[in-house]
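The first chain written gets the first letter, and so on, giving A, B, C and D; residue counts start at 1 in each chain.
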Amino acid sequence: MFDKFNDECGVFGIYGHPEAANLTYLGLYALQHRGQESCGIVSSDGARLRAHKGMGLVADVFKQDSIFESLPGSNAIGHVRYSTAGGNDFKNCQPILVDYHRGSIAVAHNGNLVNAQEVRNDLERKGSIFSTVADTEVIMHLLARSECDSLTERVTMALNQVKGAYSLIFLTETRMLAVRDPNGFRPLVLGKLDGAYIVASETCALDLIEAQFIREIEPGEMILIDKTGLQSFRPFEQTQPSPCIFEHIYFARPDSTIFGQQVYQVRKDFGRQLAREHPVEADLVVPIPDSGVPAAIGYAEESGIPFQLGLIRNHYVGRTFIEPQQSIRHFGVKIKLNPVREIIEGKRVVVIDDSIVRGTTARKIIKMIRNAGAKEVHVRISCPPTSYPCFYGIDTPTRKELISSSHTVEEINRYITSDTLGYLSLEGMHAAAGAPIIDGRKGYCDACFSGSYPVRFPRLKDDSQLGLF
Amino acid sequence: MFDKFNDECGVFGIYGHPEAANLTYLGLYALQHRGQESCGIVSSDGARLRAHKGMGLVADVFKQDSIFESLPGSNAIGHVRYSTAGGNDFKNCQPILVDYHRGSIAVAHNGNLVNAQEVRNDLERKGSIFSTVADTEVIMHLLARSECDSLTERVTMALNQVKGAYSLIFLTETRMLAVRDPNGFRPLVLGKLDGAYIVASETCALDLIEAQFIREIEPGEMILIDKTGLQSFRPFEQTQPSPCIFEHIYFARPDSTIFGQQVYQVRKDFGRQLAREHPVEADLVVPIPDSGVPAAIGYAEESGIPFQLGLIRNHYVGRTFIEPQQSIRHFGVKIKLNPVREIIEGKRVVVIDDSIVRGTTARKIIKMIRNAGAKEVHVRISCPPTSYPCFYGIDTPTRKELISSSHTVEEINRYITSDTLGYLSLEGMHAAAGAPIIDGRKGYCDACFSGSYPVRFPRLKDDSQLGLF
Amino acid sequence: MFDKFNDECGVFGIYGHPEAANLTYLGLYALQHRGQESCGIVSSDGARLRAHKGMGLVADVFKQDSIFESLPGSNAIGHVRYSTAGGNDFKNCQPILVDYHRGSIAVAHNGNLVNAQEVRNDLERKGSIFSTVADTEVIMHLLARSECDSLTERVTMALNQVKGAYSLIFLTETRMLAVRDPNGFRPLVLGKLDGAYIVASETCALDLIEAQFIREIEPGEMILIDKTGLQSFRPFEQTQPSPCIFEHIYFARPDSTIFGQQVYQVRKDFGRQLAREHPVEADLVVPIPDSGVPAAIGYAEESGIPFQLGLIRNHYVGRTFIEPQQSIRHFGVKIKLNPVREIIEGKRVVVIDDSIVRGTTARKIIKMIRNAGAKEVHVRISCPPTSYPCFYGIDTPTRKELISSSHTVEEINRYITSDTLGYLSLEGMHAAAGAPIIDGRKGYCDACFSGSYPVRFPRLKDDSQLGLF
Amino acid sequence: MFDKFNDECGVFGIYGHPEAANLTYLGLYALQHRGQESCGIVSSDGARLRAHKGMGLVADVFKQDSIFESLPGSNAIGHVRYSTAGGNDFKNCQPILVDYHRGSIAVAHNGNLVNAQEVRNDLERKGSIFSTVADTEVIMHLLARSECDSLTERVTMALNQVKGAYSLIFLTETRMLAVRDPNGFRPLVLGKLDGAYIVASETCALDLIEAQFIREIEPGEMILIDKTGLQSFRPFEQTQPSPCIFEHIYFARPDSTIFGQQVYQVRKDFGRQLAREHPVEADLVVPIPDSGVPAAIGYAEESGIPFQLGLIRNHYVGRTFIEPQQSIRHFGVKIKLNPVREIIEGKRVVVIDDSIVRGTTARKIIKMIRNAGAKEVHVRISCPPTSYPCFYGIDTPTRKELISSSHTVEEINRYITSDTLGYLSLEGMHAAAGAPIIDGRKGYCDACFSGSYPVRFPRLKDDSQLGLF
């Protein structure tokens, strides 16, 4: 995308494999695109849970082989976490591991609770103490306060008190439990390898370890895995599912299958629809690599305009790159992208990406493309303008930063200096994504485009508390 | 000492100084001998608490100047922690910082609660979750569950439910509160600098920052410091104080004043008394550096035998030294100490230290001294044989490791191959330490020598749970 | 490519810019693809040369801003170096900086001398000592032994004694000097920014810092830059230029212009020619990302078969990833690539890459594609079979490792289990690359395909000394 | 000492032991006090030399066990190096390892050549290039330029061209060679362990690995060790030996025997002589720990005034400690030392150390002692005022920094605010050190006190080039 949304989180769990921690490491590695700030693994050897967590990428936090020796056992869960502002955030790393009256329990969480603060206030009034700022800690308190005898009942009782988005994997000394919220905002899939069950955010994690993809865990489904095998429960009141369409637009990896469809194909279809909605006479279609590639291929196929990789990405761009401070100039996007002059020179170019955030990056890229000799630059975005905050687990930029929340498409077009600018329509997006429209409610949550939120949340006086818009 | 007890902890707090975090860093640095495994600082700017913690020495964890910028405010507390077995122990670093219904609160704890497990079990039954294995977390739960209106009442209510040793410093957004348990096991002193109040484990922390030593915080005293100044409370039932004599023998720094006396002087007096109890015809008195030096000077003065630094310490021995694994020989104590042959050759040597743990190190040192040509080696220990576990905050070796728990002095003498061996007597120790004997109860806790425990603790079936003997 | 050749080196220099070290850092960053093992910068402030070098990526070695403060001056040169086996290789980092009778001089070298060992033996016989294993040190010795008065003469005299490939940038206290060997094996371009001259391996380094591309430095040309401006010399006997065609096939960045052509366009033309030489009935063209993309686009355009990104690369694969040692399975290429099942399933797939080294990776990828449901897999390689070692600066795999040195195309096809396999022909490659054929000698060096070496080298008895095939 | 001279270097070599690199590591560890900035080991397996070097302490540079696997062979030499100003100094780490016409050779050097710059200029004029700023590189060039057939002749020829101080250990593929300059400025001792020969700067390195001390290597002696055993040569013109008395005063470890005497004993004798020369009525003798302890014991014994450890050192002071930058106050020596008030209060104190450099630290310590209640403070220094630079291997402070080069004893006394100040006399020092006075030439080099230099050096116009006074 022209700018970058902060990523969210990824979860992985495996039950009953002699190499549980190793495979969790590999699974997290495949899910690294869902969170680069911190990661962690908790393993169980049937009697005791052990954790290793740290700030940084999976390959860095788990660099030493001795770490795996400190994570014995045939069951393990892991977590990768999105980046946030602020420094020493170690305490917020997941999985969270606590002791309570039934023993030890760990949890890895992808999603966001809309009533976390309310429940937290209530728990604090009852004498609870909180060590982290994560929603997830609320769930652990509720679970510990439950007096139900079975783990599934305790988890159900806890989750009945929270609202929002959660794909959760719990691990106890002897069991693994996976739950997806009734709306099914975040993906969660089930797989199998050598007789061991696996739960992961996306199928790409199964692919890497050569596990078999069984099926998705359904919205509102709870899966309990123990020595006797797998049981499925439906403990929550049923509701209309509303998986997050932004997973298809940007977050998920293109080789994953989520919500019943392969992401690459959905993105290509967005591009095809975009070509139908916003055709233009042009000489070539160029994606912003790598996120814009599938939509650009779709656009090129539908329009018949040739696809070219006219912008080259520097592969060594990572979080460590720092522009020298004393420099008088700022290179910004040039550090990442460079146009191929011979391809672009004298041509009418369609540039495809999946969003415009501030508009400043788009403006720079268009200038760069014009400097490389383009005659015309037409920008096409493979989703509608993003104008509303997400309360379900995506750390969207604040409203102030989001150009489409305060400007019309025409104003944005002028600001970024494109010749023409076209966004995919809400209807076109739903049509391309292919989810059925039931009773006037579309299958996907599109709140960030439409402002129509499937799960209500408390109206806080101070919007900034939401840390979103 | 011949072997090393694991150290315990050190605490520091300052209220009302523009350089609170800086000065806490320096204070912890002066208290580094009380704990080398981890350390941390929590600061308050009047509205919000911020923490930085890490595994390692103070100078390493707080290496970058930017850390201090992330700890603004004029109030701060800090903690250094003893080393334990086991790897990724980050979660147990202190100060512990939590949110509860009254806001945020942090605590730094030196000591050990004897009923922590019982209270923890009870709290878990009521639905509490625990993130650490520290006793201290118990106190935070109790405090959060209190419905008293004032901070002092909440802390009092919490501490009335625990038993054992605690020198605690709490920090809230606007207040600092220091408490010493009624027995006064661990030291805690009060100082002042530029109008700011300081609380610290030992006076050496005040000396470094050039603060004035006001007085010790009394056993059972609670001190509340806020914008209006300092208030003192006596919220607990009074009891006979029993400060830990091992602080004088080994833990505290010789330049500190604790329990009303300067440690160096007490150690010298132990050495003088030892010379009276166990005189010997010899040519020189040699300390095990650095811990045995003051007692050796005392022994030399009383006996008239010349003091010599006949064993030289390698200053570069630190936690990072690792003997090459493939090595066929083990160097052990030689890495740390080397005898000065010309001093020792042909001489009758009195070797002074403050304890014998396993006896293996003593045996090696005596062999080393004999190899350097000593004619006779007489070992004198500046305290009685250590035969009982400590439940009040000192992480003593297990009973199996402690040679004096299963062997007579004569057996130990034979094992370590000394010509003669003498321990300071219990009575001599108390006499030298100079604390008054009231109603048959000696002023100091000497449980590790006498087995006479001033605070009762639950008889657990499995001794190993105590992690001590 | 299916496997990875070790990269070679990249060089950068700038003369007369107040931010010389900063801009060199950025230039090296843009050239990072030419060498990932080590890097370094030497700056000059007119009086003194200063160096900073280290093992690792540019962004890591130059992480701290203070490094740039230690590299003052308006002139600087830099180097990125290819990876080699072996550990503590710090001493081989470039630029090499030495003192000699005329002052100090530093050099950054891309290329390989074919008579380095002979010259080194001769120098050692004359009493020289060598601190590194780099060819480059030989040049420094020859230069220091020259008694010529001018720098250009000294460098000319030194280079007249060596044979092979070199694109060199020298820096003295007051001058910068760039040379390209008479064959012009390696690229070297000249640019300008704010009045400062820049020399770099590829134009992408100019693009990043927004410098203007002036022209390529010609084969056999020497450029001297000092306060008075730029002078060009032709000090060597002229010969038929033979730039390395592998730069176009693999090494250079697609957005660079080298040897008079934009790399992306040349690669696309290879793909087009490949489609003409090896057509096949198929449903889609899939590149091995990212190296195969331009050729695949060319193949798709020429053949009319749709282009799809059917294999997705994990962006977080870096040098730090280590497969857990105790793992019973090896994941190899799956760590890097994953097929998009829905795209591939039931389809006849043309897979495009730029080389096959051992064949093992190709075999695994084909298996992976078949497992994703492909009906047929046709492999097309955008160059001829690589059968001969390179002696001019590319660290090719050894002959034993190179499957095409001992197997026919049909044997390779069977081994990698493709349905059909086609390599671009030598003639087709030259035709597509578009360089003129002069007097029967093709414009490009194609020795690694043809065995026809433009510069003779000593026949060493032990081939392994060459460290190549 | 009140301030710290920069340390110099230490060398170690072992020939014919299966654990050569391991034992060299331990030997360097014992010599760490001679150099803390960098260290390195070169090993030989009979065919090839391999090196590992790095900036930092021995325990840090050789932290990983795998390093020892990369240093195979039964012969090894090592080096620890003093600290210098300036950053990335890796290239100056020793041992220096080079290739030349006879193969490979490495060298570890303790000392300083007085004509290094002259010889270097001459070598540069002949075409040599220099990669380091170390004197030692000069020796390698001279050795490589020698056409003598035997190693001993080549080394002799090289060393006949240099003047100054050198204790050198060379290592080739099959031999080890140790040399001490004719004046014998720096110590060098010979030992044996399990049949293997060992050469080291001080005997404390032999003690640690439990090797037997055979004898010192004599001034002007060259020792060649190979498979056939050990041979001794006297290849240089004989001269009056002049070992460095500062080794006894400060540099060597007190448990070492060098120049025929145990350092501890010599230091005590300095203290005794000091008591005779500068008696004072006082209550206690306090050393600056740890360097002043033996002299203080000697002073106490001779004077009858009790010895007390009245200043306590913080053991955790290391190179990593950094005072917070934004701090408004500077703690300086308080970070390292703290007085024991009860010992000092109301007393007349004699403070013993081995030198005064700038005087600022002495002034602070005296203030600290007075603040602790001392009635009088008498300073006694266990050597004469240091007024001249050392050209033989000790990196003394510059003349500007050295208070005694421009102030009388009485002026220094006033500046540091002591009640009285006494330095050991030159004659007293020699008498106490016990070396014979032959023909009016004292046995020890005392140039830093007397300005009488035993080896002449070129008069450079610019004194600052010497980097000394």
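Here, a residue touches a chain if its C-beta (ideal position, glycine included) is under 8 Å from a C-beta of that chain, and two chains touch if they have at least 3 such contacts.
Remember, it's a predicted structure, so these values are computed and weren't measured experimentally.
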Self-contact between copies chain A and chain C, residue sets same or different by half: same
Remotest chain, chain A as reference, centres from CA atoms: D
Between the pairs A-B and B-D, the one where more C-beta pairs touch: B-D
Distance between the centres, which are taken as Cα means, of chain D and chain A, whole angstrom: 60
Distance between the centres, which are taken as Cα means, of chain D and chain B, whole angstrom: 37
Separation of chain A from chain B, taking each centre as the mean of its C-alpha atoms, in whole Å: 48
Touching two or more other chains - residue numbers and ranges from chain D: none
Contact graph of the chains (line, ring, star, complete, other): ring
Pairs of chains, among all present, that meet the touch criterion: A-B, A-C, B-D, C-D
Touching residues (chain side chain C, partner chain A) in the complex: 19, 21-22, 25-26, 29-30, 32-33, 36, 57-60, 63, 65, 68, 204, 207-210, 253-255, 257, 261-262, 264-265, 290, 293-294, 297, 301, 306-309, 312-316, 318, 320-322, 324-329, 331, 334-335, 338-343
Interface residues, chain A side, partner chain B - complex: 51-53, 70, 87-88, 90-91, 96-101, 121, 124-125, 127-131, 140-141, 144-146
